[in-house]
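Scrolling down, you'll hit the structures one after another.
Okay, so chain A shows up in both of these, paired with chain B first and chain C after.
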Partner chain A sequence: MTDEKSGRRRRLRGGGPRAGTIAAFLTPFYLPFLLFYLVPVGYALWQSFRVVRRTGGQFGHAYTTFGGFDQYLQVFRNAEFGGSLGRIALFGIVQVPVMLFVALIMALLLDTPLLRAKGFFRIAAFMPYAVPGVIAAIMWSFLYSPQLSPVVDLLNGIGVSPDFLGPGTVLWSAANISTWCWTGYNMLIMFSALQSIPPELYEAAKIDGASNWAIAWRIKVPIIAPSIILTTVFSIIGTLQLYSEPAVLRQISSNISSTYTPNMLAYAVASGNNYQQAAAISVTIAVITFVLSFGFLKLTAKRAGL
Partner chain B sequence: MSTPSSRLRLVGAALTVAASVAALTACSSSDDSSSSAAPASSCAPASGPVTLQYWNTVPGMDQVVALWNQKNPTIKVEIKNVSNDQYGQIGNALKAGTAPELAQVGYDELANLRLQDAFVDASGCADAKAAKDKFVPWTWSQASFGDTGVFAMPQDTGPMALFVRTDIFAKYHIAIPKTWDEYAAAAQKLHAADPKLSITFFDPNNAEWFNGLLWQNSAHMYAYSGDKWQVTVDSTASRQVADYWQKLIAAKEVRTDLANTSPPMYAAYEKDQVATYVGAAWAYGMFRDNLPKQAGKWSIVPMPTWGTNPASGDWGGSTVAFMKGNKHLYESVKFNVWLNSDPEALALENKLGGLYPASLAGLQLPALSQGVPYYNNEKVFDVFADSSKNIDTSFAWGPTQKTVNLALQDAMAKAAAGSGTLGDALKTAQDAALSSMKDQAIPAAAG
Partner chain C sequence: MSQPKRARESRISRTAAMSLMVLLAIYFLLPVYFLIVASTKPQADLVSTFGLWFSHFDIVHNLKTLFTVRDGVFGRWAVNSVVYAVLGAAVGTLISALCGYALAKFRFRGRNFLFSVILGGVLVPSTALALPLFLLFSAAGLVDTYWAVFLPSIVSPFGVYLARIFASAAVPDELIESARLDGAGEFRTFFSVSFKLMTPSLVTIFLFQFVGIWNNFFLPLVMLQQEKLFPITLGLYEWNGQSSRVSLLQGSVITGSLVSIVPLIILFLLLQRFWRTGLAAGSLK
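And now, the complex of A and B:
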């Protein structure tokens, strides 16, 4: 009896410091995760179910009360929200495949033995990613502006007068900035996946008579499919959160409205002090992002062997 | 690595913290509802030295405050520049209960912030009430919400005028327009003479500017009667202004591709593509500093008028507001009155920050009665002083002005791009005003 008791005590004592160690190692992750992730998300969720009421009069005092799904109904009735979703859907359907295709081609080219100065090209392609998104957007806005751009001047010189900031073109000007910023980043992910393919595979393929072309499309691309899917998911998320490029172009083009993308709409609503509606918009964007990215993963899981 | 039970415990702890945070925020929000309408606060002087916080966006304000601190050792003022996201910072501080004693607030944001319960009423202080006669009437009317309290002291204004490239008008033998009709005729002549030349630009993303034009035509956007706000953003008077500019836009006689104060705008002026600028007093230094080569080519004349009515408009300007939680109202009033009506302070603010004073004494500053070399030594400030006197005193801003401005801008941009008209934009803004006020539970009706 006493032996058993002391044995248990010993075990407990032995477990004490270990639990402390675990906690010490986990706290640096869980505490910020809780404070800066779960709590704000929870707060936004809670806000999105509130509505503002007032005690009356011209300058009556405001208070909030439970409003059920009122804010969400308003999100779905808001034509601006639908419009902004449609805009980024169009953006995503065109920009994401184009960008990833270019990234894939660049990664494959870097991976061929034919190319010289690989280190230079790898860094050069990745460089735009090192430029902060807002700076890139400001830089491009100078290239787009008909008053300031040497590109527009040059094109005018040969009789072409493009309008990069027109109502029909400004979306694609923004898409171009995103593509410029992110292609190198996506290329690097695909390229590092290519690097991990054992060279024996290529030797075997060559012995079987496969051309370089066949090796690229029949061996390399299928093997790095998980990376391509990963970059697609990142790009879908990035598209849904589109903000800085259109927000910067808005400074020089009135063809970008204050509600151009869902995030811009949420910001505009919040700046009008309607925090509850802004919260509902944010939660809705989050849910759509979640559904789209997991939906895409699910759809491609089998093919990619994930 | 971690056992299921320790993981559970962590989740448990996380939930406890989350719940307590939720409880905390719940408490603070119910606190909002219980706060009652505050009467004018008492105005007892502090027994010892005090320190006041004053947030603003004015360049060189540190030197003005240094002057005050040197003269008033017992009322020390500390400043913070909030140029970056002014209203975001003020809003956050209000929510956190850490608002400064005094903050710069634009006239068009006063109603919005008052509805956020942002101000204290300083009318309990004799000095505050007595300051009324020191200021241009419309500024006092807005800062006091029609004399229902003293929530802020007017600081600067933006009486509007017409900036004119006299050399371009002389070149094409066109008289400088005095009325909007003459202005439209000149627009047509200039554009016909040189297709690359426009009389001005219409920036659809600048509701503040357009509101100044509405103000000139006494197109009141809001009124308060009974227990409701009356919304009259879309009115006969506002339609007159909108239809006028719509015609110029449709005829392509004004440009719509330039954003106010953007590098492309300066480039267009530099290339002699734009002949006038419908601007405000604070812009007098804008051309001087950005287009030094055009010195002597510019003149400033009164804003074109609607018929023979001499009324002018205002674009911009700010007040210094007494913020919620202010425990040193007596000292705050002393500083605020000095800051905005003392000639020495006003002269410094004008010199360093380019402020055009809201104070009547300020309009007589020596610096404001001299000729300005850039404008051929013309006494351009006399034009702004006259403009200031001709501004409608009963114009009022709405409690959701920012939302209305954004809606107006988005719709004006559509009109400029060829879908819809500026008249439609007024309708959109009117709807946005009503719906945003409904969202904030502010009683409102179309007036």
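And now, the complex of A and C:
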């Protein structure tokens, strides 16, 4: 393929391919990455600093122009934005710790000799990962629906009449769907980390008579702290993006508005053709996501001495 | 601690651990079990019979309804989902492999910078990009086409991240060096030597991306208007929204949900070890 001369020249330069060849390997990924990741972000940023004005009175034609931080001021003045943010903050503060705690307990139990049929439990927990979020939400909405749900039937049988779609409960019904979808995934990440701990690390503690419980909390959990932090960051990001679970529950419950989460608000605003405002909301969500996830990383990295 | 006491204690903790896990397994399996039972029932039995047990076993009829109702548009959605996911993941895996391999094996200036851009990309959720992409695509006139869903799907920073790890682990430098000495070009070396060594890890990358595209909902929701371009997720979401008015659709939403998750569950049971490789790599810091 290569002629003698260029082959020799390459070796003289210390080996390795030419710049053109390297570019040919990188471009097929970086070009779409640029076009479909970076450029949209830049375009949204640019749009978020534009406003629509009209020439003359109400009947003048519309044009867009630079508007400074006008769109962002509008985002912060919008009570619906504050409301949606408060809602998912509450959601995240409860759902993320509960889900990760259950995932951690499962991972630790699967890592002890206490259980039989470990393969089955692993598969059962990870199976929801194969179910699309929307389909999971549709499945659960059948289990919440008073007409169809066998769960409601069973609870009625013991004298409890639950309302999974009421104003005070529907947020937690959505939280349950997220928990169902992601517990097993997080559990497997933690479990993989546990499996890579060399057993010698806790063999000595075992000989000294430490209980499984003590080994788990004092030795194993601190070692897999990076994985727990990683799953927390992914969960925070996921919570801020919440869309499909509440959107599906909205189809059967009047207690979810079209602006229930920040992303639903952004979608509703974009559907109203107010692209500049939608862009400003999207950018604000992204900035909050970034600040929270990096803030959390910084905070825990310091405390865990990583 | 005396031996009998210890043995009794371990029996108690064994029972407690097993009971907890059984409860959790029921929790994870219950919705899918319900879906299987419900998709065998005739429409009328959905409300009138107990949801966790079978009545008339009518799944063949339900499948027929699913694929014929509304001019058989569900079949179209299924084909769309397969096209988006198979082609998107195939192209995506190839470009991730090329890129990850180059980042792992070639030394050049700016390499670390290019890799850290990808790490940043891993943290950006696809939902966050959907609206900005819509703004851009509507300016470019690409909204409401196959391309609007397909093109963004091929980009997977996580795939490149995995490919880089796997390439450094699976392809020895000496092998590339000796292929070079034999006069093989870099692309020939990649496709004839490295690609084979990386194959098991490429399956992992393909699977993760396949599931990501198959499960994608927000991007098609934002991009697509025409029903005939929908993937299954968006189609069933629309039907579910109409089923309170058109009760005939409810049964099809249930059967359709089952049809949409079966291929993934099979894929996932057959290829378990590839999932574990990917998740283990994801847990490395």
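Here is the rule we use: the second predicted complex is superposed on the first by the 278 of 306 C-alpha atoms of A that agree within 3 Å, B and C clash if a C-alpha of one lies under 4 Å from a C-alpha of the other, contacts with A are read in each partner's own complex, and residues count from 1 in each chain.
Quick note on the criterion: contacts are C-beta pairs under 8 Å (C-beta built on N, C-alpha and C of every residue); 3 or more make two chains touch, one makes a residue touch a chain.
This one's a predicted model, so the numbers in the text were calculated from it and none came from an experiment.
Undergrad: In the superposed arrangement, which partner chain does A:Y43 touch: chain B (first), chain C (second), both, or neither?
TA: The answer is both, since A:Y43 touches chain B and chain C.
Undergrad: Which partner chains sit in contact with A:Q251 here, chain B, chain C, both or neither? Use first/second/both/neither.
TA: Both partners, chain B and chain C.
Undergrad: On the A-aligned overlay, A:H61 touches which partner chain: chain B = first, chain C = second, or both, or neither?
TA: A:H61 sits against chain B, while chain C stays out of touch.
Undergrad: Return first, second, both or neither, reflecting whether A:W172 touches chain B, chain C, both chains, or no partner chain.
TA: neither
Undergrad: Give one of first, second, both or neither to describe whether A:F296 is in contact with chain B, with chain C, with both, or with none.
TA: In the superposed model, A:F296 contacts neither chain B nor chain C.
Undergrad: With the two complexes superposed on chain A, say which partner A:I135 touches: chain B (first), chain C (second), both, or neither.
TA: A:I135 sits against chain C, while chain B stays out of touch.
Undergrad: So, A:Y72: does it touch chain B (first), chain C (second), both, or neither?
TA: In the superposition, A:Y72 contacts neither chain B nor chain C.
Undergrad: Is A:I22 touching anything from chain B or chain C once the two structures are fitted on A? First, second, both or neither.
TA: A:I22 contacts both chain B and chain C.
Undergrad: In the superposed arrangement, does A:Y202 touch chain B (first), chain C (second), both or neither?
TA: neither
Undergrad: In the superposed model, does chain B or chain C contact more residues of chain A?
TA: Looking at chain B versus chain C, the one contacting more residues of chain A is C.
Undergrad: Where on chain A do the contacts from chain B and from chain C line up?
TA: Dual-contact residues (chain A): 19, 22, 26, 30, 39, 43, 142, 147-148, 251-252.
Undergrad: Which residues of chain A touch chain C once you look at their complex with the stated criterion?
TA: Against chain C, the touching part of chain A is residues 1-2, 7, 15-17, 19, 21-22, 24-26, 28-30, 32-33, 35-37, 39-41, 43-44, 47, 102, 105-106, 109, 112, 114-116, 120-121, 123-136, 138-143, 147-151, 153, 180, 183-185, 188-190, 192-193, 195-196, 209, 212, 226-227, 230, 233, 237-238, 241, 243-244, 247-248, 251-252, 263, 266-267, 270, 275, 278-279, 282, 285-286, 289, 293, 306.
Undergrad: Flag every residue of chain A that touches chain B in the complex, lowest number first.
TA: 19, 22-23, 26, 30, 34, 38-39, 42-43, 46, 50-64, 74, 142, 145-148, 165-167, 250-255, 257-259, 268-269, 271-274, 277
Undergrad: Taking the complex as given, what residues does chain B use to touch chain A?
TA: Contacts found on chain B: 1-2, 6, 10, 14, 17-18, 21-22, 25, 29-30, 32-33, 35-37, 87-88, 91, 112, 114-117, 203-205, 224, 227, 229, 256-259, 262-265, 267-268, 271, 400, 402-403, 406, 409-410, 412-414, 416-419, 436, 439-443.
Undergrad: Give every residue of chain C touching chain A within the complex, in rising order.
TA: 1, 10, 13-14, 17-18, 20-21, 24-25, 27-32, 34-35, 38, 46-47, 50-52, 94-96, 98-99, 101-103, 106-108, 114, 118, 121, 123-125, 127-129, 131-136, 139, 151-152, 154-155, 157, 160, 177, 180, 183-188, 190, 211, 214-218, 221-222, 232-234, 236-237, 240-241, 244, 253-254, 257, 260-261, 264-265, 267-269, 272, 275-276, 279-280, 282-283, 285
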